[in-house]
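Both of the next two complexes hold chain A, though its partner changes from chain B to chain C.
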Partner chain A sequence: MEKPIQEEKRVFMTGNEVVAWGALAAQADIMYGYPITPQNEIMHYWTRLAPKYGKSFLQTEDELSAGFATIGGVLAGKRSFSATAGPGNTLFQEPISMAEMMRIPMVVAIQQRGGPSTATVIYSQQEVNMTTYGGNGEGLRIVYSTATHQELFDYTIKAFNNAWKYRFPAFILGDGYQAKMREPLIMYNPEEKGIEMVKPDVSLGKEGVPGKDRDPVYLRNAYSMEEELFEVLMPMIEEYNKVSPEIEEHFSLGCEDADLIIVSHGIVSRAAMAAEEELRKEGIKVGLFRPITLRPFPEGAIREICKSTPNILIVESANGQLARLVKEALFGLPINMQAIFKPGVGITSEEIIKFIKSKKTEEIIAK
Partner chain B sequence: MSTTVMPNSWNINTKPHKFCPGCGHGHVLRALGEAIDDIDIQDRTVFGCDIGCSLLAWDFFNIDSIQTHHGRTTPVMVGIVRANPSLIGIAYMGDGGGYAIGAQHLVNSANRNDKILVVLVNNTNYGMTGGQMAPTTLPGQVTETTPYGRDALETGAPTQGPELVAAITGENAYVARGTVSNLRQLKKYFKKALENVQEGNGFSFVEVLATCPTNWRTNAKDTWKFLEENMASYFKVGEYKVPPTKREG
Partner chain C sequence: MNKSVKIAIAGEGGQGVQSIADIIAEAGNEEGLEALYIPNFGIEQRGGVSVAYVQIAEKLIGSPKFEKGDVVVALSKRAVDRIIPYVGSNTIFVYDNSLIYIPEVSDEVVGLQSYETVAPEAQTNGFSLKEGEHNHYLIPHYADKVIGVPATDIAKKELHPRVFNIVILGAVIEAAGILSQESVKNAMENNLGSKFEKNPQLRQLNIDALQKGIQKIKEALVRS
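Up next, the complex of A and B:
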């Protein structure tokens, strides 16, 4: 069968289409999904592309089913994924907590929409708490917050690879704007680029008769004793902490001599970057720190930067969900923190520039 | 303890099993194990158990097994067989798991004619959590959450599962209700149900009337009486849908 992408190709498409192509490029085998805006077109493109390349799709009865069926697909040894948003992400937390506990490398693309509740189908950054630390667990997950269509493609591939490499569930955290807008990017076949695709392995239904040719595989997430759970969980937490530095990613700009550092993630960091460049032209020394992985959070990197520049401005389309992660990462450092929180609403570079030039911040800059 | 030999598909190293004495689960799993032996599908079968007392079967068989979440065993098995259709998926659950928290999965999987077998153990209560009302609790039956007896006008009448599943499935489905008081018949149902899945024909569903002496607070005699008289009067044992390929005569 023909490979979906042979050689590098410059394209212009919506973010949802990019995720579908990214999953194809990552050699995903099967998608299980339930409709919700603004992620629907991921399914629409996947269902059109899948049969051409011998891939499968199942539309389930809800997101609980989509999540648990994705787990089933992984157990059968296939690269399996889903996509969701908002209230669907809420339902997804149950299967994700099982994936966390059982080290099941499921991949889910999340296109954030307004919240709480049904709210809007448009845009937000309000699913940070839920995607990083949702469910009754410890947040043993990999969460990539993308800012461009190129990144949607790159990190969809990476999400599959790192999910299977480290065996933690992995997420591509986009938003409604990224989902729906069109942008140019370069698509490629990762193997042609020297990216080694981590091979999935079969958990259930291996070769041979269990009990005769081999031991049966028993997978569980329920334990009867506190100590039993502790013995299972602690090595998992330790392993997560150990591999975190390998997984952590961030982007920074102009932090070295900055008087103020803007901290933002995802699409908002594009406005922050534009603001940084604009202010620099005016001689105002502003830097930008953008966590790409929200879990594990690039704690070492942001601490290092904030040791020399204690003034930070957190900008996000949520009421402090990124801020909570940042505060935790910077715990103990003498930080002067300001914030632009616009839950469920987009943020422009002009707003950021205006805020920074406003009285309060002038004092910081003039320091 | 039964003196008959254990089915090959059972893992002797994990026996005696973890269910209470007199529990119906062990009988259901014997009939299921024998059916698996008879049609020789141990190497292709994947067993999923729910949360509820069914979870105690997580290491029961010499079969690759997974214990999932309460009500979610059906979608996990659906996910497995959709990704690898050569496997035979068995989703094993209680009446709470199948008719309450996981009812949407049962209904939709049945409607999609997923090639899996769902085995649902009807013991008229939530066994694992200490005997609360289940969708199958009989009118007047005392449970921890119906201490004065279930009032059907307030909380509904016992769910008729096989009747429901038969009504929403296509003709290739196999649907039956068996009982632990007739294991030979139950094994026959399981065999037909598994063959229906093995042949890639259709969805199979077998509800089994089973005992829970611990929460019923019954002695051996009353346990059997409750099963054969009280339960049998609400829940009719028999085949509800037999695909054309499985019809006898």
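Up next, the complex of A and C:
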């Protein structure tokens, strides 16, 4: 059997391919999948890699089944994952809620496409609401919004590790552009880099006789009394809040002396970064704040920055889904907010620059 | 000054638009540069115009799509319409003039007609012009340079129709001026190597096609 990536190597591939290789590097055992554009090739590449490296794959009859089967794999002690997009993500919300309730560390890669419903198979950032707070629950999840192929690889590995470490479902939130574009990245074996992979444990089907050799395993998803649920849920929420600062990640650029902070996530933050650089050249003091984890949201970090710079411009390929998270994080601070919302459409640095230049100074920079 | 180039190529499905883009991006990566290639994809792809976006730069590239290209290429009649929004004042516009006849008409002559107004004949799904057909496609006078490369004719008459897209590839890399011929040839080898092995003549044919494309742009740039 071939061993996956041993030495660091520079490769040039599509984002879907990167996720498949990232899962392999993270020592995933099995993928349960159901095809939907633009994430299909994650599945295709995984099925190509699987036989070479002794991994497994199961195509289920739909996304509900793919989600529950992933949970089954995890309970059997296997590093299991899946991938989906758009309406598939909608169907995934039910198994994901179950994973939240039962503290099952499932990993799902999501390549956002246009919505609502079937909409486009191309691109969007419209699955932020659903991925962070979807399902009937409290959003006890870890959501990494990636911007480059390098990050797709890095955070696929991290999603596996943190899902099992914290026992909350974890997501790699990409988009159709990241899925389909090709760019270079460095692949590596995480263990060679000193990243220790958290070992999965068997929940169901353990050795020995329950009640005799070991305690019985009792996984619960249904409660008969309100108080019973409350007693289980509150410690879970407290634990989530307690570990959140360890999980939160963000990237910021030029915020120290900025008059205006561009807030964006995922691939749009690359356009924002290019705009920041261009505007700086012209002497316009712009900074960039990019949440990498959308859940838990890096609240402390953005509040700190916005205390000294209250002027923000939110840029996203959705109609205010990131903005909702930002506003919640900044609650109570006096903020002057502008926005570029382009649901389901890509955003270029030129557009951001044009927008900022089209505004009168006092519109975007409140004194 | 950082080196960077933005390229948009549009043509009919089957013209090899995506392979050209892929080879260019791979050559950029071969040179250790940042390279980003994204095809247009989606339902429109079935029977529609195929568009590819490639960017090569020294540092991390911003958004995968862009507003104006440095090199913009159209390989069919309706690809011209699709790609015109990407032509700016710094753009080198390359088109296959054996497929598309672009009259050099000044604004005054055409009067109110503008690029936003699609001429009725443009709405017919023509792949190329019929003999004697007059065409009101207007290549923006604001482009930096407009260069016709008769790639289809060159391929048909001097080489082989199959290498039509490699003539265009040569034209694009010469117009872009950021990649060495060596790395483009290596990328061609990676992409087409298996075909070359089956038919060794193909390798030379492709190299000749690449040279012809390069030569056409060199001549045009000297003249202008």
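Keep in mind that, in the parts below, the second predicted complex is superposed on the first by the 357 of 367 C-alpha atoms of A that agree within 3 Å, B and C clash if a C-alpha of one lies under 4 Å from a C-alpha of the other, contacts with A are read in each partner's own complex, and residues count from 1 in each chain.
In this text, contacts are C-beta pairs under 8 Å (C-beta built on N, C-alpha and C of every residue); 3 or more make two chains touch, one makes a residue touch a chain.
Note that the structure is predicted; figures quoted are calculated from it, not measured.
After superposition on the shared chain, chain A has more residues touched by B, the comparison being chain B against chain C.
In the superposition on chain A, contact is made by A:Thr120 with chain C only, not with chain B. Within the superposed three-chain model, A:Pro245 lies out of touch with both chain B and chain C [touch as defined at top].
Contacts of A:Pro216 after superposition: chain B is touched, whereas chain C is not reached.
By the document's definition of touching, of the two partners only chain C reaches A:Arg182; chain B does not. When the two complexes are overlaid on their common chain A, residue A:Ile30 makes contact with chain B while staying clear of chain C.
By the touch criterion stated above, A:Pro235 is placed in contact with neither chain B nor chain C.
When the two complexes are overlaid on their common chain A, residue A:Arg270 makes contact with chain C while staying clear of chain B. When the two structures are aligned on the shared chain, A:Ile71 is found in touch with chain B, with no touch to chain C. Partner chain A is touched in their complex by these residues of chain B: 8-9, 11, 42-44, 46, 51, 55, 58-59, 61-69, 72, 74-84, 86-87, 104-105, 107-108. For chain C in complex with chain A, the residues that touch the partner chain are 22, 25-26, 29, 34-39, 41-43, 60-68.
Residues 10, 12, 37-38, 120-122, 148, 176-177, 180-184, 267-268, 270-271, 273-275, 346-351 of chain A are the ones touching chain C in the complex.
Chain A contributes residues 29-30, 32, 56, 58, 60-62, 64-73, 75-78, 80, 94-95, 98, 203-206, 208-212, 216-222 to its touches with chain B in the complex.
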